[in-house]
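Order of writing sets the labels: A, B, C, D and E. Residues in every chain begin at 1.
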Amino acid sequence: MIWVETIIQGILLGGLYALFAAGLSLVFGIMRLVNLAHGDLIVLGAYLILLLVTLTGLSPFVAAAVAMPFMFALGYGLQKFMLNRVLGDDILPPLLVTFGLSVVLQNALLEGFSADSQRIQSGPLSTASIEVAGLNLGVMPLLTFASALAVIIGLNQLFYRTSLGRAFRATSDDPTTASLMGIKPAGIFAKATGIAMIIVTIAALYLGMRSNFDPSIGPARLIYAFEAVIIGGLGSLWGTLAGGVIIGVAQTVGAAINPEWQILAGHMAFLIVLLVRPRGLFPRAVD
Amino acid sequence: MTNAHSDYSVQTRTKASSISSVVAVLLIVLAIALPAFASRSLIQDMFFILTMLVLAQFWNLLAGYGGLVSVGQQAFVGIGAYAMFSVVILMGFDPVPSILIAGVAALLLAIPTAFFAFRLQGAYFAIGTWVIAEVVRLLVAQWKAVGGGTGTSLPRTATREMWFTETIETLFGVRSAAARDILAYWLAVVLAVATIAGIYWLLRTKRGLGLAAVRDNIEAAKSVGVDAVRMKWTVFLVSAFGTGIAGGLIYMQKARISPDAAFSLQDWTAYVIFIVVIGGMGTIEGPILGVLVFFILQSLLADYGSWYLMALGVIGITIMLFAPRGLWGLFSDRTGIELFPVRRRLTGGPLSNTPPSSKEE
Amino acid sequence: MTILALKNVSKSFGALKVTDNVSFEVPEGMALGIIGPNGAGKSTLFNLITGNIGADSGSIEFLGRDVTRTPARQRCVSGVGRSFQIPQPFSKLTVYENLLVAGTFGRDKSEAEVAHTCAIILERTELISKANAPAGGLSLLERKRLELARAMATHPRLLLLDEIAGGLTDAECQSLIETIKAIHAEGVTIIWIEHVLHALNSVVERLLVLDFGKVIGVGDPAAIMESKEVKEIYLGIEI
Amino acid sequence: MTVLIETRDLTARYGDFQALFGVDLTLGEGETVAIIGANGAGKTTLMRSLCGVLKNAPDSIRFEDRAIGDRPADEIMAMGIAMVPEGRKLFPSLSVEENLQIGAYGRQTGGYWSLETVYELFPVLKERRRNPGTALSGGQQQMVAIGRALMSNPRVLLCDEISLGLAPVIIKDIYKAVPKIRASGASMIVVEQDIGQAMAVADRVYCMMEGRITLSGRPGELEREAIHNAYFGAAA
Amino acid sequence: QGAKIKLGYVSPQSGPLAAFAEADNFILSNFGATEVAKNFEVIVKDSQSNPNRAAEVAKELIIDDEVDMILVASTPETTNPVATTAEAEGVPVISTIAPWQPWFIGQQGNPGAPDSWQPFDYAYHFFWGLEDVISVFTAMWAQLDTNKQVGGLFPNDGDGNAWGDANVGFPPVLEKLGYGLVDPGRYQNLTDDFSAQINAFKQGNVEIVTGVPIPPDFTTFWNQAKQQGFTPKAASIGKAILFPQAVEALGDAGNNLSSEVWWSPSHPFKSSLNGLSSGEVAAAYTESTGKQWTQPIGFVHALFELATDVMGRVSDAGDGDAVAEAIAASNLQTVVGPVAFDGKGLPPFAAKNICKTPLVGGQWRLKDGGGYDLVIVDNSDQPSIPTAGTMQPIG
């Protein structure tokens, strides 16, 4: 029973990681953009939601919905005026620019909000639980997982069922040729980053509700998100969910053996998957 | 086309490079003599500059020449430093020779790392090396004998009785702490000179050509007989060894270690990448220029706390956006000056009527 | 003597069998042409011979030795030179340095030993004026010439050429033919994949036809071109 | 005949290297124009300028009397100029059908060309519609590239060396399609090495050498020798 | 009177530990307003919560600024590198706000080999020790009716390793006092899931939780515990709930969490610098910043009290050995209590360099209008510090 519970908790944790990773997976898959500022953008989103909640007294969920257009615009602008200029075959320039962005964001948030830990209050929801077959499952983790699932399904629909999705994939293959199809690569990339930022806002909502955050907390989460994206396979959204779950389960199982091994176990799972499948679980035919 | 084969010859030397080799020798002599008249704070600044330069050169060798963008070099700094600390603390070695052990430890770690990471490409490689460094950090944090997650300090007996310090104390008439700084500085000078000379030598041999070929197009390189795998192994192991030595030396001077500090992504990889990219990747001059810029920024702004870091971030972004080949790239594109030229230029025959540096019309 | 022998070589990409039980032998000093519809598996065959991809089954012998599992670079050192259908220059190196890489590593010599030969090859392939230009800036056909030049710089005993005449004007084509004939005259064995048939037929002594990964005919070029199958599936002449 | 595309003193450079020197060219409504020339003559560069991948002076290219020299490729495509690029350039992560569909992304005007009519033109593509575009043979890929460009019902179709590297049988198939394309009302500029083919399909021919147009005229009126000279620069 | 005496001050003003240094500006300007401050020049450096950076700024202070003495505060991540550097350079340093074990033992080459430990010549530290926090916690628990089963949350960092240490930490003392300890092992900071610990606690029938997690980890733990139906009677936690904001972040779930109290407005001590009582210092802080008082205020203030006192007793501030001697000879009544390096309550190896300050226990109580108050509920070790209530069970 303990093991069943451990694994279920791991799967739910995986939902959180997948949520952190989904936006990353989107920009990574479409633009080969290794966004080192992703974690800090999530923290920024959390502060935005917090601000809305404290200023207007809205429920966090409504506040997140209100924050989404702002975050979309931020992503759009960021991509259009900054990141587009460094995209190319070489992964380093975007890596460095987003690293710079990460440093700037962290310290700007520090100046703006101080180093105090904050939390988005969600009232009784944060400790609520339901009993399923003798297991106490937190409502918040279940919601997190459900949101991750919804995000992945939504993105998949967008990607594989719409012409915008085709344009995303085409541009990711070859921006120059895509422009010959009437696609504005710069605009498409900006839309993609905008959409990624909407997902970031959802991730921020759960990050902010489940635990404390402060301006420095972003990077620590980034590595799990990257692991989820990479073991899932570049550009595969279901893969990202699977990757998140693998890391989550590895962590809880590792911790159940000994808490010293919790984080290590997640990393080891990542390394082992890559050892067996160097291009991830669901690699794209060409990349 | 006539078959009157005229005499061809190959040149790598340029006028600037001949001048710079003379200047280099003078600089080295000056660097060695520096402690005789410089203040201690200058010596320490120089130590910082030189060790960061070494890290930057090795990262540049990996990424700029080998095409291996590693985000996990902190693993080698950390393992080197910890190896040095552990033989000093647990086995009573002297710290100075232990620096070599630091390099060997990093080399040993690099072997399994390479086995794994070479299966990965591009961004996968970058993230893979980062995770490996995390794993090593977490493992070292479990090593209770050197303080676990808390960290530890070099025993004071070991630092006080370190090789050469007494000689330096009497030579310059300074206290032992200052003597240790001078010792560390000299070791850093030796390491930096050896690093630059070694890398330059490597690039001038045919291995340098092979490296460039592998970076450009690995399939084609294999098809013309370049052993791509061996090339990658060579640069990876050499970089790890050098990075480990630098790690040992840096922590010999710091005398205190903890896993979070020694395996810091920010200090030992992110800043190093920043230095290389600001200066100009894929050149030897780039990291030299980059480390100077980085140092100047740090001394001007470090007291402004978070504003300093913000400024650093903004500068990094700006340079990437407006001078993607770095400051040295910007400079040498304009002037054509190369201090460490590696380009093989064919002259003679029908080429002799066009002087090498003139641009096509 | 036989320089190259393939025995029952097969290769699949997923469900697609691209090379299907291919066997043939090439005597040293011969010039062999390969034709076949697009996607027949010609370039894949080259990749198998050079070791850029590994065979699923069957064996490949070069100079009497089994090289089926030998890595690409060793096959190059022992005398297999190739050009790529889609040119693969070392784009940040200069044209001359591209050749130096091939010369030094492909022949296991020092730079000084090959410096002059490489310059001469540039002359022969009419690239000498671009010697010090970065290869990344070459036009498509200059890149194709560079492919040929670089393959020559490895001093091959067996030279594999993949569609190097496409897109040439008549005169350019003629000069390319002369160059290849000259190389052949020096004793180098040549296998040439080409859709420009008149160029191919003015050099090769034997023609091999590939379709759906299978060898469907080998023989005298004139006879092959007359065969019903080739007319139908390759030339598109209905009989 | 109304003029669709007109270039005036078009120049193009790659960094320090000038690839086009004052090219003047016109394409009339309903016309098919061929451009021939030795390698490196600048044909691809000209096409890349026309479709907006390379930026030029605004006035150096006019389309229906609008200056478009400095417009980006996506805008130009929306105006009705579609390109079949050198080397096919299919999107590997899209299926054949998706590759075709995306051709109409920037211009959904309706018109003769649709999935059905493209499949009618190249029946083999219908069989392979679910395959990734890159799993096709070179010639089939060329068909997809042409179909993709047609999907936007372009006013002008630019084709850069569509026969390069193709088996003779495929080249025949593709050139068989040209009359059907013209019949649907598209004007074409065809870059071709194979002078015979070019002469067979074109209303007019331009010959390029070293970044300049050295000869132009109707196929029937041009002499072999003149073409040869235009290629190799002997006094005309 | 000649040149000013140069003091260097290092604390984590940015980065994850910045909350500790939040009151720095207030304290520095208070110090600047005193008469004696005219003799001093204070050079402030930020460790950025980064041990590498801490060591670097310490070197800068010593070598570039040539300070006469260094003051350093807040968590081993900052105090230890600074103290180690100063000791190696022969510059006197006074340190605070880190339990003495991680400070002293953490600076030894081999923390696992007590016979190799050596005292320092220039580094001095005042704060409390683990034995004090253990004693305070157990005294608080004794006020409740529990089954004496304790669950430990000890991370693998300077604090966690010291608290959970089998020789100098919680385990031996708890055992002696008849408590059972469930210690699942050292976890890494910023862990996202505590199911393993919660399961272990549930299985071990735990009614009391203790540990030194960082704030986000405690929030994660506490929420998950409630979700998974684990509700202990007492939770006495170091570090994570030091600051009111961190407790507020728990919403209503922070009520009756307990913690050690090193300084509070009700501590019956006065500043030797400006004569203000603890309560007055705290009030002044709230007035000037609009924020609730925090515990580091008293200790950082005391750091400057001690520095002024020491420098007042030496003739040549530049003579490091004399200054170190003067520190050792201190006997000062500060706003955090008496400071004298007399070895009281300390094992012999630490007697020379460390002075212990009083420690009591407190509970966070939800205020009517929102927010929390820290109420002192146990003073068994320090009867002079008044309590304002008794320990209440959570729930």
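Heads up, the rule we're going with is that contacts are C-beta pairs under 8 Å (C-beta built on N, C-alpha and C of every residue); 3 or more make two chains touch, one makes a residue touch a chain.
Worth saying up front: this structure is predicted, and the values here are computed from it rather than measured.
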item	value
Chain labels contacting chain B and also chain E	A
Of B-C and C-D, pair with higher C-beta contact tally	B-C
Whole-Å gap separating chain B and chain C, where each centre is the average of the chain's CA atoms	42
Centre-to-centre distance between chain C and chain A (centres being mean Cα positions), rounded to whole Å	48
Distance from chain D to chain B - Cα centre to Cα centre, in angstrom	50
Rounded Å distance between chain A and chain E, as computed from the means of their C-alpha atoms	36
Residues within chain E bordering two or more other chains	14, 156, 186, 188
Where chain A touches two or more other chains, by residue	107, 110, 260, 263
Contacts with two or more other chains, residues of chain D listed in rising order	17
Residues of chain C that touch chain B when the two form their complex	50-52, 71-74, 76-77, 81-82, 84, 88-94, 96-98, 100-102, 104-108, 110-111, 115-116, 119-120, 122-124, 126, 128-129, 131-133, 150-151, 153-154
For the chain E and chain B complex, residues of the former touching the latter	13-14, 45-46, 48, 50-52, 55, 59-60, 63-64, 76-77, 80-81, 84-85, 87-90, 102, 106-112, 116, 118, 155-158, 160-162, 186, 188
Partner chain C, residues of chain D touching it in the complex	14-15, 17, 38-40, 44, 86-87, 135-140, 161, 164-170, 172-173, 193, 231-232
Residues on chain B engaged by chain A in the complex (per definition of touch)	63, 69, 71, 116, 119-124, 126-128, 130-132, 134-135, 138-139, 142, 265, 270, 273-274, 277, 281, 306-307, 309-310, 312-317, 320-321, 324
Residue ranges of chain D touching chain A (in the complex, touch as defined)	51-53, 72-74, 77-78, 82-83, 85, 89, 91-94, 98, 101-103, 105-107, 132, 134, 148, 152
